[in-house]
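Both complexes below contain chain A, partnered by chain B and then by chain C.
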Partner chain A sequence: MARSIKLRIWRGDSTDGGLKDVVVEANEGEVVLDVIHRVQATQMGDLAVRWNCKAGKCGSCSMEINGKPRLACMTQVASFGEEETITVTPLRAFPIIKDLVTDVSFNYKKAMEIPAYEPPAELAPGEARMEQIDVERSQEFRKCIECFLCQDVCHVVRDHEENKKSFAGPRFLMRMAELDFHPLDQRKTRKQEAQEQHGLGFCNITKCCTEVCPEHIKITDNALIPMKERVADVKYDPVRWLGSKIRKREGL
Partner chain B sequence: MSGVFSPTRAKIKERTLRTDKWWLQPLLTFGVLFSFVIYATFRAFENKNYFVEESHLISPFYSPCLSESCEPAATIGGWTPFSAEIFNFALSPALIILIFPLGFRMTCYYYRKAYYRSFWFSPPACGVAEPHEKYTGETRLPLLGQNIHRYFFYAGLVFNVILTYDAIISFRNKEGEWGHMTLGSLVLVLSSALLWFYSLSCHTCRHTVGGRLKHFSKHPVRYKLWTTVSVLNTKHQQFAWFSLAAVAFADIYVRQVASGAWSNPIFF
Partner chain C sequence: MTLERHKYDVLVIGAGGAGLRAAVEARESGLRVAIICKSLFGKAHTVMAEGGAAASMGNVNDNDNWMVHFRDTMRGGKFLNHFRMAELHAKESPDRIWELEVWGALFDRTKEGKISQRNFGGHEYPRLAHVGDRTGLELIRTMQQKIVQLQQKDGRETGDMESGIKVFAELTITDILKENGKISGAYGYWRESGEEVLFEAPAVVIATGGVGKTFKITSNSWEGTGDGHALALKAGANLVDMEFLQFHPTGMVWPPSVRGILVTESVRGEGGVLTNTNGERFMFKYIPDVFKDKYADNEAEADRWYEDQDNNRRPPELLPRDEVARAINSEVKAGRGTEHGGVFLDVSKRLPAEVIKKRLPSMWHQFYELAGVDITKEPMEVGPTCHYVMGGVEVEPDTAAAVGVPGLFAAGEVAGGMHGSNRLGGNSLSDLLVFGRRAGMGAVEYVKKNTATPVSDAAIKAAAEKIQAPFDRQGGENSYSLHAELQEVTHNLVGIIRTGSELKEAIAKIAEIRKRSANVAVAGGRKFNPGFHLAFDLDNMLLVAESTAKSADAREESRGGHTRDDFPGMNNKWRQVNHISSFDGEKVNVRAQSLPPMPKELFDLFDVHELEKYMTPEEVAKGGSN
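Presenting the complex of A and B:
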């Protein structure tokens, strides 16, 4: 059964913009992305919106719905009250391009700064063998669809533009953790790099990244906190530091 | 203007467009933690009503009792290395030991989240702009000091052992014979048990038992431990609150009994 719903959509670009009210039909079972498309088809032909899969797997339709960073294609219209106005804005941590589309290149830049996996020299491609229990831990992080909702919500950069240069954001600190947990990765300096170059210390474990992750990855508990503990091992724990000088225990 | 009001961002004047009660959680957290701090401070300085000799109950705020002012039966084998006074002021035995449980909870990853959000608004809730102009997080002192959490964790284990001992010795009657139980024994057992769950579910514990390994397959026992602690760890927040409440209640209970306000029912 179709019904009318009230939407408020942010329209504008880098020079100016604001919230515009529209009333649009919504059918049973539809998601916010569906009604945005209907607005585009019937009332705002030039409304810019990024999307691709409509299945919660490409990470393109990230936006903020009633102030919360979410995937528009995974947000049911029925989850809001009948009379409620649904407010839709672009991601507020990244530079605006137009309407609901932001420039997320910050994230690609940060991705490139993370040192790549370093395989053991003696293994030819295809020869690596690992046991399931050794890779399980990092596998959780491979569910990431790179929607950057976690990067958007993280107050370190969302609320402090100047921190962008020194903070990789939860998604890429999680990548650092993934590689540091990797049983075959040969790079020995990831803990120090996470802290000194990628800004792990900025994270105050307030868990907003975990709250918004559409893949339900426990970013804070399973990547960021374990990584903070690993950093403490090599940088802030005099007893372990001494221990590591006396007997070599790398690659436990 | 920085943050969400930076010139490059979409121009939206509200600091949040959230329509739910996002302020409720930080408000409750603030209320509970603040009340606890007030009560604990009052009790730490009160310097009385922390011990019930006839039922062998000691308040967790005052155990171990290490001051010369402690009643002999409240000490551990009469060991009192600390003077009862400091610069002519009476030093409450609680103040001598307070730093350990306090430091443990202050540097706990869960409580950090709780007070950064509710006391410092950094951020107050997800997607709600924080009021601060500058933010450096835990990159420099004093907050860099949160990294000593592991040492407080070790100290916390010692305290758990002592408080468990306190619970065990309360299973005696007035004459000191074993095999008896009062409501107070139950209260102490509950608080020490919850403290164990709180410590064992700690992130540092998880890291120590196995989290720092790269190859679980080479350490099957530690892997098993890590798996178990990981399960407890998902409930760390709950254990943090329950253990806090249980410790506070144990103290209130001992205080009321010691001051004669409540009687301590004897089960057998």
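Presenting the complex of A and C:
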């Protein structure tokens, strides 16, 4: 049955803005994105919101709902109380463009800085053989839909704009782990790069990223902590340290 | 204010699988490439593809090869496919999958460590390379990361990572520009700021995907508004066979807000069965004559097939999608559907809970979070949803060049011909890899022989005026309401079952909406204004809907994704006919054109008795075109 709900939407741009209250109808089973669309079609034709698939698969409709970074398409209206006002605001860690849309180009810049996959030179197409169990570790991270909620929630950049330069954020540190765990990747220097160029050391494993991940990827436990352990292995193991000095090996 | 201008060798419109594959090909050949997408980079509808990419690698059953895949594809399309496209697709798909692996893709594996392949409707052997049920995401991400790799290489060589290939995200193209009959570039606007942009390029690849948003119930995202179809028509290209739309048999039906969202065919591939409210496994009643020797007519045999595929026929749940969609539609119409107008799809009785969660993770997630249904314990409620358009830009198969417009190319869902009257599941992801690459190659060859034609000031002025127009109107039509009206018309009159009188009514109504759409007014400014964006999308959808309704009215038979209540059954004479849509500036015109006949070497791949079911006696007697 349709009922009226109270919605509070942040409207404005980089210069000015504020919260606007609206009352809108919601039907059984609807998600927050549905009611935002209804506001758009009936009350605010120029309300800006990003979305694509409306099925939790593309990661476009990221916003903060009652202060929590979430996908609007996967947040049921019914999960809030009948009398509760639902407040929707843009992602806080990124510059505002308009209304609920932010400038997420930071993430695409970071994506371009992560050294690409390096396949074995000798391996012909179709010749690769990998065990399912060996690909599964990286496959978990490749489930990432790049909604950037983890990037938004991570306090390293959320409250410290100045860290953005030297910190790739959970999504891209996980990308580095994914490549490091890839059974065929040939680049041996990923651990040092994660630590020295992309700010792995900033992460103090509060697991906020894991909590907001709509794909339920265990970013901290399965990607970041193992990466930290690998870094520790390379950096602080005296035998390896000596070996790397004597034989001038790269990486391991 | 000065106009933002860019010059490239190749302009790729669309950043889904086909567009990215074309861009990679063109860049690797040394050309400078711009990729344009309406959304952020990496959000294209390809990410929604779940089941897998069909390629006859023979990793699971070594009887598979390109000829078997070719036969399955032609059967699935009821022999209306362009034979050459189906041939190239079947031959080249394995290489395209292996290539993705070289670029870093991580497909699920067989016990021997090869790429695993799964069963799917209409495919004789397990053929779909997959990653759980998120294969499309893997394709997009792999190619996105391949593009980053190319950019890093350019960065090392030139100091600028975006010197050779650049992504223009959240940008809408409103016009493809021509000078002296040849492509000269494209014009559009940044969605973020509303500011206009001119691209000058001798070659344009259209890879904009589908048209699902023309319909009310669809699995497509907001981007599927037929932009490329309409841009191509307006640029003088043709669309072929626009009457053929695939209604995927299994979309979600409840709750209303998720109606239409896709439920992957893999659920049936993994053993899911369809039942009506009487508990009857109804698909056995709907096996058409042409498929009787390939599909089991009883439950015992159908169930044995999952264990022993060599000695049993396939379960009828795995018939091509058009058959299953029509069957579900009939069951619901006969009063054997659920209260929400669907039927039941159940995999919980076939597989243990942990296997379901592993093989169909995103389905589990989707039903649990959006519908409150645990698919490891209960059945899903499903019904048909508009999923894919088989029709599209008429192209030369080998180069993906649009017929009639030098410099224009089209690949992926926006191109027509490959899938005939019905596409097999899994053939879309392989299609966009095979023909995305070929479009890239086609553009490269073209650019080598043709220099860029400068865009004239007159063309720029006309394109700019069109963008400004809705802002200058006061109190005109609302684009949201017109869109909703169009969706009602297509849903009610051009849907899964059609009749002549309703199609004629639809044509009149679409024309009326189109007339009113010329008066759309936009409230607010240019900055990220969805009402403004929809005004342009709407114009594209109206042209597509007109082309579909007119082609559907002309085809007086039922075949694949086109079912006529007043002309039930296939008519072999109609198999020889393609419908060609063109645009005269005012309206879409549809004419019949002969389908190119298969050459002997492909004709001979089939049992002649099978061909007799599809072809006229004269065609069969001729035995191939050469």
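Methods note: the second predicted complex is superposed on the first by the 238 of 252 C-alpha atoms of A that agree within 3 Å, B and C clash if a C-alpha of one lies under 4 Å from a C-alpha of the other, contacts with A are read in each partner's own complex, and residues count from 1 in each chain.
The rule is short, and it goes like this: a contact is a pair of C-beta atoms (placed from the backbone, for glycine too) under 8 Å apart; a residue touches a chain by one contact, two chains touch by 3 or more.
Since this is a predicted model, take the numbers as computed values, not measurements.
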Now for A:233: first (chain B), second (chain C), both, or neither, which partner does it touch? first
Pick one for A:126: touches chain B only (first), chain C only (second), both, or neither. second
First (chain B), second (chain C), both or neither: which does A:25 touch? neither
Could you tell me if A:163 is touching chain B, chain C, both of them or neither one (first, second, both, neither)? first
Applying the document's definition of touch, where does A:201 land relative to chain B and chain C: first, second, both, or neither? first
In the overlaid three-chain picture, which partner chain does A:46 touch, first (chain B) or second (chain C), both, or neither? second
Have a look at where A:182 lands relative to chain B and chain C in the superposition and call it first, second, both or neither. both
Overlap of chain B and chain C contacts on chain A, residues 131, 182
Taking the touch rule as given, give the residues of chain A at its contact with chain B in the complex, in rising order. 10, 12, 14, 16-19, 64, 66-69, 84, 87, 89-90, 92-96, 102, 131, 133-134, 136-137, 153, 155-156, 158-163, 181-183, 199, 201-208, 211-212, 221, 225-226, 228-233, 235-237, 251-252
Would you tell me which residues of chain A are touching chain C in their complex? 13, 27-31, 34, 40-41, 45-60, 74, 76, 97-99, 101, 104, 108, 111-112, 114-117, 119, 123, 125-126, 128-132, 135, 138-139, 142-143, 145-146, 179, 182, 185
Please name which positions on chain B make contact with chain A in the complex. 2-4, 6, 8-12, 16-20, 109, 112-113, 116-117, 122-123, 126-130, 132, 134-140, 143-144, 147-150, 203-204, 206-207, 211-217, 219, 223, 233-234
Write out the stretch or stretches of chain C touching chain A in their complex. 39-43, 45, 47-48, 57, 94-95, 98-99, 101-104, 106-109, 112-114, 116, 131-132, 134, 137-138, 141, 144-146, 148-149, 151-152, 161, 167, 169, 192, 221-223, 254-258, 261-262, 361-362, 365-366, 369-371, 478, 480-481, 522-525, 527-532
